[in-house]
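Before I ask anything, let me first share the structure, which is written out below as structure tokens.
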Amino acid sequence: MREEIFLGGLGGQGVLLGGQMMARAGMDAGLNVSWFPIYSPEVRGGSTTCTIVITDGRVGSPICERPETMILMDPVAANTFAPQVAEGGLLVLNSSMIEQPPGHEDCETLWVPANDIAVEIGNERTVNMVMIGAWAGRTSALSIEGIAEALQHMLPERHHKHMPANIAALERGAEIGAESRQPGG
Amino acid sequence: MREEIFLGGLGGQGVLLGGQMMARAGMDAGLNVSWFPIYSPEVRGGSTTCTIVITDGRVGSPICERPETMILMDPVAANTFAPQVAEGGLLVLNSSMIEQPPGHEDCETLWVPANDIAVEIGNERTVNMVMIGAWAGRTSALSIEGIAEALQHMLPERHHKHMPANIAALERGAEIGAESRQPGG
Amino acid sequence: MTTDMKQVYAYPDALTEVEMRYCPGCTHGTAHRLVAEVIDELGIKDRTVTLATVGCSVYAYEYFDTDAVQCSHGRAPAVATGIKRVQPDTIVFAYQGDGDLASIGMAEIVHAAARGENFTVIFLNNAVYGMTQGQMAPTTLLGQKTTTSPRGRTAPEAGFPIRVCELLDTLDGPAFLAREALSTPPHVRNAKRAIKRAFETQVAGLGFSLVELLSTCPTWWGMTPLEAIKHVDEQMTKCYPIAVFRDRLAAQEGEQSAESAPGEGE
Amino acid sequence: MTTDMKQVYAYPDALTEVEMRYCPGCTHGTAHRLVAEVIDELGIKDRTVTLATVGCSVYAYEYFDTDAVQCSHGRAPAVATGIKRVQPDTIVFAYQGDGDLASIGMAEIVHAAARGENFTVIFLNNAVYGMTQGQMAPTTLLGQKTTTSPRGRTAPEAGFPIRVCELLDTLDGPAFLAREALSTPPHVRNAKRAIKRAFETQVAGLGFSLVELLSTCPTWWGMTPLEAIKHVDEQMTKCYPIAVFRDRLAAQEGEQSAESAPGEGE
Amino acid sequence: MGKVVIDQERCKGCMLCVEFCPKGILAPAKEVNSKGYHPIECNDEDECTGCATCALMCPSVCIEVYR
Amino acid sequence: MGKVVIDQERCKGCMLCVEFCPKGILAPAKEVNSKGYHPIECNDEDECTGCATCALMCPSVCIEVYR
Amino acid sequence: MSETQRTREFITGNEATARGAIAGGCRYFFGYPITPQNKIPEYMSAHLPEVGGVFLQAESEVAAINMVYGASAAGARVMTTSSSPGISLMQEGLSYMIGSELPCVLVNMVRGGPGLGNIGPAQSDYWLATRGCGHGDGQCITLTPNSVQELHDFTARAFEIADRYRNPTMVLADAILANMMEPCDVLPPTEMPPADRPYAVGPHGQERERNIVNSLWVDFDEMEEVNLRIQERYRQAAEEITDWEEYGSDEPEVLVCAYGISSRVCESAVDEAGKAGVQARLVRPKTVFPFPSEPIAKWAEQAKCAVVVEASMGQFVEDVRLAVEGRCPVELVGHAGGNIPAVSEVVARILEMTS
Amino acid sequence: MSETQRTREFITGNEATARGAIAGGCRYFFGYPITPQNKIPEYMSAHLPEVGGVFLQAESEVAAINMVYGASAAGARVMTTSSSPGISLMQEGLSYMIGSELPCVLVNMVRGGPGLGNIGPAQSDYWLATRGCGHGDGQCITLTPNSVQELHDFTARAFEIADRYRNPTMVLADAILANMMEPCDVLPPTEMPPADRPYAVGPHGQERERNIVNSLWVDFDEMEEVNLRIQERYRQAAEEITDWEEYGSDEPEVLVCAYGISSRVCESAVDEAGKAGVQARLVRPKTVFPFPSEPIAKWAEQAKCAVVVEASMGQFVEDVRLAVEGRCPVELVGHAGGNIPAVSEVVARILEMTS
């Protein structure tokens, strides 16, 4: 098993933490993992991306030229990075912000209204959790419980009060992901 | 023809200028020459040495491991450097300051009472000229006129008034050198 | 819409159209604007060379519509010296942060000032290393928390803040030295006046000029932009008093006006 | 011969027997002797580390009978900082020339002083680079001829002399700052007093201390030793006034004696 | 009588102009611009004196003032 | 009554002690030492007060004073 | 170091480096901020005081290396960390440390160059590490981790190595390794090692001769002796600590050489090439000074060609060429300015070279 | 340069260097005193004003190279000179010059190292010149004169080369060449060359787009492009200016390689070896970056062995090994700390290798 996942979004959307959480969950599940970020040079704003590898073999290169999976949270990231997804790969797109389909066809696309769900849940900062939950629901590569536990480990104590919202977001995302596995999804 | 000459003495004895003058005279005579100094690290005092090469071939290495000729002007230089003279080489020694013979025998020795002669001439700073004159008289490698002319070139104008004393010193040295060529010298 | 109106505040000609990358409310932008306005007012854009240094303002060469040289960290005063010795009539200004000027570049600024090199330094003091994520600067206030003084700066651990204008004021070389703050409209107006004075000093060939601008770093101070300018006003000025330390142009003008004062001595 | 006499001036214990390589009449030697005497008087030889710097005094590690570290040119204050941060109770003094301290080492001395690092600097100001054959130093007087200011130092070409004590006196870190001259017996006595004060300041843990000593370089000034000390007295002190700029030990003692003054308040 | 023209795309919503406008007529817009900031608008154009204090304080150089 | 002991080999003949001796009893020797300097001698031992001014000024640290 | 007490954590390379240092006995840190290694001083400023150590932000990299010089002369285990331009500024100080035979540990998280460059990953300070160290004949012992775990372990070990050979020892990594997170079995902080530095300065009463730390030797022969001593230590180090890892086929057509982050790319490339039918073997140095010439020479004898992969324009490749000595052609896949060679590019070159 | 107007003089290497610079159009000098090259700034301070130039003593070598950076950005022909520790301090600045594609001329009169070392002659900054130039992939074009005449001529020429390749160009010599006197056919001062630097900053009215001198490229590809451009210039330089001299037998048993002062020793050694019955050929690079690999490879093919002679512990020998590529064994005669290999020692090694 080898999952190469690329996350992209705006600064503030929780791209880096989301990726770290996924990798950490992989580690806790006994797998080999790596996570690495590319910051844009600006102190704030601009797009943020990271790449994670989760595998039961050696990680080897932590850099993925054409990731199997891309989780993209805003239109700029979608435009810039979606074309790099591997052939036959998976695009998880935030339909609350991204309007246009990515415009290439040899991959699967999973649309997730992440902002809307986050608002529903009552915590706008859970967009990343919805997206990642959707990916997990779709692929079953990691369990939602494992991801949630990883998050708990990584969040400073003072933020643990947000755990319920985050778990809710992960679960709502997972449902969408799981549904999408159905032929009609 | 290749002359390798090492000069050694106290700071202030004119070792460096003397050597430069010899090399310059060689250049003016159409030969290839080099001169190079080794300063001791102290700003003043300590021994001063230089090495010159005068040749009608390529100079090649300007450094001489065992110079053919050594002109040594004080006891420290004599003790330190005399043993390095080439086998069958020539030692020109300042008998006004150096008392002990250098203590090795496969070389010729020319004793020159340079300080005494300089005092006689009335200019204590011409010790170097006496010594170099003696070498020239002994070897005929360079003419006294050529050396004097070189000196004139190298001295700043304001010191030209000392030229007569310097020439006298060169000539008195040359006499001693020439005499020494005689079997009884 | 503006047909019968006069434009009283326009985008300065000496700034390019490039959007500045500074964080919201960061007064680096204010400082840039003021410098650009002065360049416009003096009509020197085509003979000005901007020295960008290493810090948040590293892209100054993209913002100022002049020739520009990007300098290594702290060494802009040496670079400026090199340029001015070759081109004495070119107007050169270095835009330096407090890490750049007061930490790694201390020797270069002191010596350029001591030599009285005829260029201008805009010294932006925000009491922190903005670019590299909020480390302590030599100008960080005692007690101030930064990413490398996590318990607050203490003198025994990390020493005392350095007052650059006061330090340079012990030298004979500088012709203009002033400290202003980018905190309130009156202060900003004074800041512009000082910047103009500094450039005029250079244009007049009187020697080294420097304007220290107390500035904000909302991001690494962990404040809103409004809190940050209040902090400048209330805290920073205590350690770094606002003052014109030296103004040789004024001295010269004083002399000239004294000389040309009618009626005197005749 | 000395049976019924007391020795009133002895070769200091804190100097080795090695003969110093200084030129005749060079007051580097005087400075060394004074420092050694102070070390002896304070009884700190076995816990003192001498920092030799690059200049004519580079062999200081051969002369002082203490542990020693030879430092790269200008960086002794940083080296001293490293040592003191590891061994706060070791007495560290750096012996720096004006090229070393005021030129290449300007950033390091300013920052060590600003941090109030608890070590002592003996700053020998002879207004020239002795070791490297008489080049201009930052402290070279205007008009002074050196091998790199062959027509005499002029401000437009080479800037103005830097007054180190005045410059450091703008910082909060220093606990003791003084300038003395090695020119006449009274001055030399004062110099020793200042040196002692500086070391006492360090022993008391009060922070950075520096004594600037106006010194001669007969060789590169082209003067006899006597002309040279006269030059110190008459010319150098004009540019570099003799003064104790700061003495926190005295301030502290003042407080203490005030506190312990009998009868007061009771 | 004055008028301000605010470049909505350059505005970073720092509120400095809002704070210092002597007339208190500047305020952030509801919508965000492409960078996610709420840019400043003038609420009461008639009140504007064209004093340019807002422009003086704007670090993003996005205010032009007419009078 | 004092006495000075001058290390003749270390003396570099700089004349600073000579200049500042209040009694004027120090002077260079005729002979040179091994480094070519004329070292200082005390000409009038009886006059020496042991004030140590000479030692205070000597850069070569070659004077010991007794009293 | 207490191997048994390791705890598995998920941390960045920078944090792993900082914690490796503390595990290696480092108690003194002097450094100047520069991206991409800022999290190291940040960690040190927060945590060194907890273990009785001292963090001090220097006024510059020049000052930092000279503070390190002082602390090392005083007998401390001391470190500085920086990135490319900062390491350039330390060259004189490094030369002094070598000349004075003082140990210290440096970390260089290399970024894109030359000049100010950018904060992307690069390997273009290879020469600066292995041939640099300023003027004179000194070199840095240079360790080249390729993972967060190795950053941690190599940094801890670097203190022992520096002490053993009385020479600056550099951990050479890059912006990716600095910022990436991986699982890391973290060592606990080590107690301060006993002072075992007889050359260190400090209070000594009458117990020993005075100590002098110095790199000035006026006499040529004395200075040469210092150099011979240094070279002798390098020879010893070559025998004792040269280290590398191999990966891939035992019967390779192609020898692949890379270190650090590029070696991770090459691991994947070796796998890919295998799938495409070309057997390759990766030799990846864990130390580049001393350099593992032997395994490279050995496999070069057997392989048709060598492909060298580095995120620079041809620095590491020279050491490989010196090891290969003409046994087979040597091809470079190099990049610069923040770009890292891609797996596909390496695979393509491997296939090309064997077709 | 007006070849016809040369006058023969007997001068030191330092003076020849200074006058070569002025003949090469140098009008700006920024430097900091250090032995053994002090006579260069001294000469410049006295004579640059006479030709309308500017001499400024910088506060340090760090400042000096940055003043050079500024002057070069302003379009001037500019030089700095120093010796080993000073060159170490210039590493960051040099990297900036390379990154910003600016020309300048440097002279390094190498002294014994590492650390403060001593002021004796040495060749131990070979790596600092050819591999150094700070962080990133840049290198200095490096010329290696072996006589006072060549110091003069190479320095003059260095300004053209620096301009042609927009890269720092170093004249690498040593304390002997600096201080020795030889006859030198001296070029007259050249008039200032016309400004031919379209990239230079300065007053421009509306006549051109604004110029930016910069080494910061946030985008990895842009930064890589700069690097490729630099490497391309190096390739060009390799074609156009690689230079060397050969001496000795056409049918050598032994190839001797040395540069600078050591090559003078080797000339004599080749003669001596010939007298002792062993035919040897000296290849002495006049440029070491670019390096004359071809003649070395050619003679290595034919010779039984190569003897490499350098006043360092094994730096130059690596470039020779890279050229020889295993064609014959390569032996090093190296020294350090102010000691220069002796003719007798080289001869002995030559005889030993062939016996």
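Should a chain be cited, it is by its letter among A, B, C, D, E, F, G and H, assigned in written order, with residues numbered from 1 in that chain.
Everything below uses one rule, namely that a residue touches a chain if its C-beta (ideal position, glycine included) is under 8 Å from a C-beta of that chain, and two chains touch if they have at least 3 such contacts.
None of the values given here were measured: they were computed from a predicted structure.
> Using the touch definition from the top, what's the fewest steps needed to get from chain A to chain D?
The distance in steps between these two chains is 2.
> Quick check for the class: compute each chain's Cα centroid; which one is farthest from the centroid of chain F?
A
> Where are there more C-beta contacts: C-E or C-G?
C-E is joined by more C-beta pairs in contact.
> Taking each chain's centre as the mean of its CA atoms, how far is chain C from chain D in angstrom?
Computed value for the inter-centroid distance: 35 Å.
> Would you kindly tell me how far, in whole Å, the mean C-alpha position of chain D lies from that of chain B?
44
> Measuring from the mean C-alpha position of chain A to the mean C-alpha position of chain B, what distance in angstrom results?
87
> Please report how many Å separate the Cα centroid of chain D from that of chain H, as a whole number.
40
> List, in ascending order, every residue of chain G touching at least 2 other chains.
Correct list: 56, 59-60, 62, 85, 92, 96, 100, 115-116, 118, 214-216, 218.
> Indicate the residues of chain F shared as contacts by at least two other chains.
Residues of chain F never touch two or more of the other chains.
> Where in chain D do residues touch at least two different other chains?
Correct list: 23, 58, 70, 72, 103-104, 106-107, 111, 131, 133, 138, 158.
> Which of the residues in chain E end up touching chain C in this complex?
So the residues of chain E in touch with chain C come to 2-3, 5, 10, 12-16, 19-20, 37, 50, 52-53, 55-61, 63-67.
> Flag every residue of chain G that touches chain C in the complex, lowest number first.
Chain G reaches chain C through residues 32-35, 38, 41-42, 45-46, 55-57, 59-62, 85, 115-116.
> Contact residues on chain C for chain G in the complex?
Per the touch definition, chain C meets chain G at residues 54, 58, 70, 72-74, 99, 103-104, 106, 129, 131-133, 135-136, 138, 147-150, 157-158.
> Give every residue of chain D touching chain G within the complex, in rising order.
Within the complex, chain D contacts chain G at residues 46-47, 49, 52, 58-59, 61, 65-72, 75, 78-87, 89-90, 107-108, 111.
> Which bits of chain G are touching chain D when the two form their complex?
Counting only chain G, the residues touching chain D are 28, 30, 54, 56, 58-60, 62-64, 66-76, 78, 92-93, 96, 100, 201-206, 210-216.
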